[in-house]
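Got some structures for you, see below.
Both complexes shown next keep subunit A, but they swap its partner, so subunit B is in the first and subunit C is in the second.
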Partner chain A sequence: MKKFIANTEIDVNDEGYLTDFTQWNKDIGNELAKEQEIEMTDKHWEVIDYIHDKYKKEEPLSIRGIKKSGVINIKEFYALFPAGPLKKATLIAGIPKPKSCI
Partner chain B sequence: MKNLVILGAGTSGTMMSNHLVSKLPKKDWKITIIDQYKTHYYQPGFLFLPFDIYTTKQVKKNGKKFIPKDVNYIQEKIELIEPEENKVNLANGSTLEYDILIIATGAKIAPDEIEGMNGPEWYKSIFDFYTYEGAKALRNKLRTWEGGKLVVHITEMPIKCPVAPLEFAFLADSYFKNKGMRDKVDITYVTPLGGAFTKPKATKALHYLLEEKNIKEVTDFNIERVDYENNKIIDYADVEIEYDLLVTVPTNMGDALIERSGMGDDLNFVPTHKATLQTKAYENIFAIGDATNLPASKAGSVAHFEAEILTENILRFIKGEPLKEEFDGHANCFVETGNGKALLIDFNYTHEPVEGTFPIPGVGPLKLLKESRTNHMGKMAFRWIYWNMLIKGIHIPFVSATMNEKGKKFDKITN
Partner chain C sequence: MSTKVKKMLFILSKATIENAYAAFVMANGARMEGIESEIFFTFFGLEAIQKKKLEHLKVATVGNPGMHIPTMIGGLPGMEALATKMMKKEMEKLDMPPVDEFLEILSDSGCKLWACKLAVDMFHLEREDLIDDLDGILTIGDFYSRADQEGCQLLFI
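On to the complex of A and B.
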């Protein structure tokens, strides 16, 4: 479905995740974060950069990965993106949430 | 004489030895397969062992009888791969040189990764069912368990057969119903993901199963530790879940050999090209099955489809031809839902499981993403297919290595 955000039209799925990463930009990320009641800081963006890097390399995201990322520890990750941090951080980053096969 | 060496004689390695023995000219190529264990397990059977549906005998056989006689089979621990030297060192001190290496060393559980998991309560009130030992210990526990809080838990992704924990919860519901004690058992399914089902079509088509079976769902739970003294699992957000019986899927990791050889990622999986199965670091080393870091399911069916494509690519590599970028992440899995029924799912890197017919488009006889008794019979028949066809590299009629889009109800390509 279409969604109008940060003066741009984007395609999202039922849960609000972008379906086409090429449509993503930082302004859109900022607005998506606001909808999750998150005010983005430099630390938040560092995490988003890390997530984008993993996405581009097609490496799965996990809490273990965050722990070893050198960007942030897990408690901080939860503090920045409360309740389901991977789910929220991927939504803001414009990529699919971590999934299983079914 | 050139050497092709296969590391690991599990599902993938055994299949590759069978495929290659008939394809590589015997006068030019010597094929060697190495595995330290003599038993070949039918791993899908570990799901049924705890519920006394399968016996221990039905899930294990002597591995040697599935390795072709023209293949050199070495039962020995592998110490180190030296990829720069094209050598493999074995624990007995001998060294094998290779021209082509296939890594098929699989994945295994690593319960030590979580504090308190592999402690005094391991195989007492905390169990896995991804190993023969764990599934058997759990079977013995369930035979006398009087009920309470059963927590079925996934530690972190990726895991082998991602639907198995869900199937376990469904089969547990049936098992306790049949024992007349379902009212004494509280079943909770705990996952680090956003739901027990994570794909839109499957969630829509299948979420009723959890409600129908009264299985509670706890999502986004990233375990930090097991408090085995107080029977609780605790996550990074300090959410606590109490259990009387914890059935967990521990962290899954590639073999320690991969770490020792400096060839793996954080979880000891080998970085591998997802369409060709050539490793990213060495062009004469290929990887298959659970040992890879492919964004596909770690499942026997994936290994089966990979094996057909990898065989072709090894032949191309030998001839100096470009590799086929053909593997599409195809997986085809029966999912037990309890009460003698099962689902069938068919999907790949880009297509989520949808409804339709399989394997013959428009005909079936199997129906995708719908519960049926026929699907359950398919799953039961699969054990025979596994031992008699699949690992021997015999092609299964109508089932292609890449996913067939015909006979399936796609809205559009999404994932």
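On to the complex of A and C.
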């Protein structure tokens, strides 16, 4: 479905995840974060950069990966993206929701 | 009234690696979905939070039809260790953390970890025998009081 955000039209699925990453930009990320009641800080963006890096390398995301990332620890990750951190961070990053159970 | 699950409480009563991981994966999965989670370790489940034992949890090769090994063969020396080694290898492939790291991830994720007081007394354990990340030692009554809210589910493993 179509969604109008940050003066741009984007395609999203029924859970609100972008279906075409090329449509993503930082303004869209900011607006998506606001919808999740998250105010983006430099630390948030560092995490999003890490997620984009993993996505481009086609490496699956997991909470264990976050722990090993060197970017952020798990406690901080939950604090920055409360209530389902990997789900929210990937939504803001404009990539598909992770399918892993761990 | 909202029917959404808000909190998952797990009681882990067994020491086999497959049961411990079932509890860990579900408790972690809950936190990843924004659901609160807690694990109450009782009886043999306490092995999973004993510093000296948690690295040595084994797969059950006897009395476990899912293993497809005849019970008598499953009981031979070394079978448990072999099956456990194979399972750990498969889990590593899926990037599943070992027990100690999994407990650390759970604790950091905000999952509460409790030891059962009765079982701790029965096995003559001290607080220092148990992992540092443990949130405390509770009676079953204390644990039930933590379930006293809407949208809470309790699961025995």
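The criterion applied here is as follows: the second predicted complex is superposed on the first by the 99 of 102 C-alpha atoms of A that agree within 3 Å, B and C clash if a C-alpha of one lies under 4 Å from a C-alpha of the other, contacts with A are read in each partner's own complex, and residues count from 1 in each chain.
Throughout what follows, contacts are C-beta pairs under 8 Å (C-beta built on N, C-alpha and C of every residue); 3 or more make two chains touch, one makes a residue touch a chain.
Not measured: the values here are computed from a predicted model.
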Side-by-side fit of subunit B and subunit C on subunit A, or clash: clash
First (subunit B), second (subunit C), both or neither touched by A:63: both
Touched partner set for A:8, first subunit B, second subunit C, both or neither: neither
Subunit B versus subunit C, judged by how many residues of subunit A each one touches: B
Partner chain in contact with A:25 - subunit B first, subunit C second, else both or neither: neither
First, second, both or neither for A:96, with subunit B first and subunit C second: first
Part of subunit B, among the options 149-157, 365-373 or 383-391, whose backbone runs into subunit C after overlay: 149-157
Residues of subunit A at both interfaces, subunit B in one complex, subunit C in the other: 60, 62-65, 74-75, 78, 82-84, 86-87, 100-102
Touching residues on subunit B, where the partner in the complex is subunit A: 156-158, 162-163, 166, 192-194, 197-200, 202, 206, 219-220, 222, 224, 236-237, 251, 265-267, 274, 293, 295, 297, 331, 333, 335, 345, 347, 353, 414-415
Interfacial residue positions of subunit A with respect to subunit C in the complex: 60, 62-65, 67, 73-75, 78, 82-87, 100-102
Contacting residues of subunit A [partner subunit B, same complex]: 13-14, 19, 58-60, 62-65, 68, 74-75, 78, 82-84, 86-87, 96-102
Contact footprint of subunit A on subunit C as seen in their complex: 25, 28-29, 31-34, 94-97, 101, 105, 108-110
